[in-house]
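Scrolling down, you'll hit the structures one after another.
Below, chain A partners chain B and then partners chain C, in two separate complexes.
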Partner chain A sequence: MDCLLEITDLHVEYRRDAGHVRVLDGVDLSVSPGESLGVVGESGVGKTVLVRAVLGLLEPPWRISRGRIRYDGEDLLGRPERELRAIRGRGIALTTHEPRKHLNPVLPIGAQVVEVVRAHGDTGRTEARQRALALLRMVGFPDPEARLSAYPHELSGGMCQRVIIAMALAHSPKLLMADEPTAGLDVTISLQVLDLMQGLVRGSGSSLLLVSRDLGVVAHYCQRVAVMYQGRIVESADVIPFFAQATHPYSRRLLRAAAAARDDRRGSAGPASRRGDAPAVGCAYAPRCPVRVARCSTEIPPLAPVTPGHLSRCFLNADIAAGRVTV
Partner chain B sequence: MAAPVLEVDGLVKHFPQGRARTVKAVNGVSFHIDRGEALALVGESGSGKTTVGRCILRLIEPTSGRVSFLGETITGMPPEQFRHRRPRIQLVFQEPYDSLNPRMRIGRIIDEPLMLARRILPLARPARVLELLDMVGLGASVLNLYPHQLSGGEQQRVGIARAIATEPDLVVLDEPTSALDVSVRAEILDLLTDLQERLGFAYLFISHDLTAVRRVCQRVAIMYLGKIVETGPTDEIFASPIHPYSRALLSSVLYPDPAQQRSRFLLVGEIPSPIDLPAGCHLHPRCPWAADECIRAYPPLEARQPGRLAACFRAGHEGETVEPRAYARPGTPG
Partner chain C sequence: MTSAAATDLVDEEQGGVVRAVAREANQLWRFARTQPGFLFGLAVIGITVVLALVGPWIAPYGPEEALPGRAVLPPGADHWMGTDISGMDIFSRVISAPRIDLTIALISTVIAFTAGVMLGVVSGFFAGAGGAWAVVSQAVMRGADIVQAFPLFIFALALVGFRGPSMQNVIVALAFLNIPFFLRVTRGAVLHVRERPFVEAARCAGGSGLRIAFVHVMPNALTPALANLSPTIGFSILLTSALSFVGAGVPIPTPEWGSMIAIGAPNMMTGQWWTALFPGLALGLTILGYALVGDGLSYYLDPTHRT
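Up next, the complex of A and B:
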């Protein structure tokens, strides 16, 4: 199968005087054309670093120390900035969380969208303005002409997120990476934004990489799920098998916590983690894992198939899947 | 019958912004909380839920209306007199780290309210601090740590221990879990439920997240633009919301289940500014059921079923509407 984006063994470090913090610790991930993949994880697992690494946006003290990122069959790492610029926006685009922070506060939004439209190719001013209006209309601005001169602080969070989406889709990218697109938005607005994004991506046949900590969002807007924990993918599967029979103990814990909201059940399991308790060797989840065995503290389990297309990074995959071990 | 722990009657809070502009944050809110009861005040940003909480704690003074605590009116009470009630109403904040003094050790943070309330002897305080840590699921090992050395969930446990230190009658929880990750959130909600069952506090749980309040609260009041639009027992509101805004809130909840049948009851557009409140029912510009009467007057909050109130002219008549007004779907990329 040809992948649009293929990330292999990606390692990212954050360099400090005191030493290096391994932020991504061997991430393997791929997105096929037209596919929507949800990357799920709690705060601090490296989701945002991952999408920024793909676009070549990491700067010191961040450093990619190992691994490979291929887009459309070609390596992205080590490419000159000029070539990356050509890929950003047209090939791969990114929408950020906290949209207001990523808009220029002293420039009207119209000018910012026009700037993005003109970043590639040689679009004239008038044409770019027309295109900006069309983009803002597409993302649900009822009266875009009146809003072109608005500043970000005059717009709600939901509207700012729409501006960011409009900019990301300006050059019809083949892959849209959406980093927590609904963080900080009110619930009734979140769904409008997600529906909008899904409609636009599907309409153009693009792929979507949706980064979220909300399993509910991923269940309804993605075809495949990858769960991240402490800089590694611990489980990946299609949405239906994942939500029906997640195998990794961490995924199960996440699902139980999220499902508790629905069923009025007790949701917690296992002790809370202390900050920075990831071990240097072995499975990162071992200290919190209720079913760990001796080798979990010394060896990193491989991302191994449970069923075809369903991978889980646990030594007990077979036992958990067969119900011999209950998590 | 004993007076309820909290009674809020016709609470109004307007913030003048100069040049005849006023933010109408709270526009006549009434509710009560019985002893040992947990009430959720749910609404999106701008609904006025936090302002209500701040008026109850007397962090701000309401424009009009009355707040009674244990049968005694506390609005307008002189600060010196209110000081003595203060240990009995406590608050848990949204941002656990920001609400803890970064230069104080955990033991001191929890000891401080005990010291100020002077309800137990100084010699008894260290034992009480340990007891409180145990109640919130932390051990003596955190006593000498600083807040930054704890995880977000542990920090929030400290915040809760501090709030319950003086054995309050009412704990106001202002979005206590929205800054936390999913798995930690579940733990904190379980802790809050346990504490309430064991110690019988009353809670006012302020949140934008219906699923968060579900396990903790027996009753829910849903707010929109400064007014309560629906209130009733939690289970019943989840099973059959009456008000269209409650329906929209509930149908926006995405459960982690790809097979979930989603009722696509969506509102149009965004929440209007509380400076220019829509005439009539505040929801009418976004409501799929809106009719002429909704533009003319604000519907009264009326009893619909035992224990359930809702403010809507159209609820119960929705069958007469052929189809909810179509949700504006975006076009395809040009």
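Up next, the complex of A and C:
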């Protein structure tokens, strides 16, 4: 396989005294070199847990109970912390939402960028400082020399996000995972940040895994889309086929809801889901699905191809695609 | 000392640091002007520090000099606070005492602060983790339990029993007593700080555990320990005096408030109130001052009160 990142059948649980909550329930996902993949889904479907699992950041009570994560042909799960540390930041980097909270409030941003630069390899002080300045300039940080000694609380959210991106790109990672990079930023800044990120990733031939709740963002910045619902991937396809003919009922209603919101009309993907709503057996979307059949509540539908490269987790794929069933 | 690694990172920005310190000092002064108790405390600290430096030199009489035929004189023009049973000038002794009391309190508190914060960061950061560090974390906490379960006076008396009364023994006893205290407040803060997102971000960037603990977590978890620094110094002065009072502290006739109270106590019963009152007042005001500064600082350091 020539995949950069390959996640197979990943199960993650959150352990509680009262039992376990299955947060990821068999996620299959792959990112090829140079590809941009968008992962979309509503709040609480496990998007953030997914990226944390890839970096090996899950600690008890989180537990990876099954599955496999391969990066560059090698398994990541079960690797010792020391080896993971070598991959974090250098092979796979992460940018987070709430950028200000992810910066240390008592250190100037310059020191923090320098620290990241020096985390791998042995870069000298002066050299690291130069590199930090170059990185900040690269992410469009105005007047970086003067702002190296600024503290995070003295910067705007967009500026903090730029610092985070600069830190993530410090070691030219092969894969950049961006976890809702635009949450909390206004529309113009969001676009600047996303354009910037896309430009930098393309320029270096890296891959991008963009986690978002915004279908528009994904349509614009990604080549492929994966829709997550209650800990599973329910549909994955290239962007154009996905927006033209999404097949899974959830994706379809999600798209319609997004379009309705844009046109200022009421639309809905069905009643809001709550954690714990997902039935123990069968399709997780069944309780909300308008076209469910008897099988849906007893069997989990497979992630089956609709057309080559377009997968959907529904028993009615063929019927929906052919228009025999309308959602 | 408090965050060597952090300043190490920052020191390339010398100008920035100087500017930040000046800004901080200015802000602290503006805060102090609105807080009379805090100002009083600052004055007390200033006076005790000055007395610790020059007290014995500016004293009108030698602090350990027994004047023949002048025992238990009441306060007057020659002896502002009177003399004690051996004919030593109480005023001279009261202003000479900070050299001993403050030195003991400062050294023992600095030792306790440094060791307590370090141990607190390690035990808090690795609490609940796996492996060798979790064992260390547990061991530190149980050690603290043992020290705290041991009565200070018994410990100090035992030390004195083994090694004779001396300043060093008092310092060791007080440092041991205060380590668990700094350890616990720091550990509590660390347990909170280590859950904050920037700690995980540091791990994402490939930082190692100890480095994250001391560069990222510790500077954010220092506030409670710092706010308790001043009251602990005041309390240590009190304990030094208490130990001297029962004879387990600084040997007589070294000028020290606690031992002066002990010497003066029998005279007080017979009406010579000045022998114990003045050292007692000095002791009380000093502890009050240090406690007020601690109070003011903890209010000042609380970010929700910042302007």
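Simple rule for what comes next: the second predicted complex is superposed on the first by the 314 of 327 C-alpha atoms of A that agree within 3 Å, B and C clash if a C-alpha of one lies under 4 Å from a C-alpha of the other, contacts with A are read in each partner's own complex, and residues count from 1 in each chain.
Rule of thumb we're sticking to: a residue touches a chain if its C-beta (ideal position, glycine included) is under 8 Å from a C-beta of that chain, and two chains touch if they have at least 3 such contacts.
In this text, all values refer to a predicted model and were calculated from it rather than measured experimentally.
Please determine, from the superposition on chain A, whether chain B and chain C clash or fit.
After superposition on chain A, which the two structures share, chain B sits beside chain C with no clash.
In the overlay, answer first, second, both or neither for which of chain B and chain C A:Ala258 touches.
Once the two structures are laid over each other on A, A:Ala258 reaches chain B alone.
Given the touch rule stated above, what does A:Thr188 touch, chain B (first), chain C (second), both, or neither?
A:Thr188 sits against chain B, while chain C stays out of touch.
Counting only touches as set out at the top, which of chain B and chain C does A:Ala322 meet: first, second, both, neither?
Neither partner.
Per the contact definition in the header, classify A:Val114: touching chain B only (first), chain C only (second), both, or neither.
Second partner only.
Could you look at A:Ala294 and tell me whether it touches chain B, chain C, both or neither (first, second, both, neither)?
neither
In the superposed arrangement, does A:Met159 touch chain B (first), chain C (second), both or neither?
first
Of the two partner chains, chain B (first) and chain C (second), which one does A:Val239 touch, if any: first, second, both, or neither?
Only chain B; A:Val239 stays clear of chain C.
What angle, rounded to a multiple of 10°, is defined by the Cα centres of chain B, chain A and chain C, with the middle one as vertex?
80
Give the label of whichever partner, chain B or chain C, reaches more residues of chain A.
If we count touched residues of chain A for both partners, the winner is B.
For A:Asp214, is the partner it touches chain B (first), chain C (second), both, or none of the two (neither)?
A:Asp214 contacts chain B only, not chain C.
Which value in Å is the smallest Cα separation between chain B and chain C when the structures are fitted on chain A?
Across the overlay, chain B reaches chain C at a minimum of 9 Å between C-alpha atoms.
Quick check on my understanding: which residues of chain A belong to both its chain B contact set and its chain C contact set?
Correct list for chain A: none, the interfaces share no residue.
Quick check: in the complex, which residue numbers of chain B touch chain A?
Against chain A, chain B makes touches at 44-45, 137, 149-151, 153-154, 181-187, 189-190, 208-209, 211-212, 214-215, 248-249, 252-260, 262, 266-267, 269-271, 328-334.
What residues of chain C sit close enough to touch chain A in their complex?
6, 9-10, 12-13, 15-16, 19-20, 128-129, 196-198, 200-209, 215-216, 219-220
Which positions of chain A touch chain B when the two form their complex?
Touching chain B from chain A are residues 42-43, 131, 134-135, 137-140, 142, 156, 158-159, 169, 172, 186-192, 195-196, 199-200, 203-204, 213-220, 239-240, 243, 253-262, 264-269, 272-275.
What part of chain A is in contact with chain C in the complex they form?
That would be residues 55, 57, 59-60, 81, 85-90, 93-94, 96, 98, 101-108, 110-111, 114-116, 119-120, 125, 129, 148-149, 164, 167, 170 of chain A.
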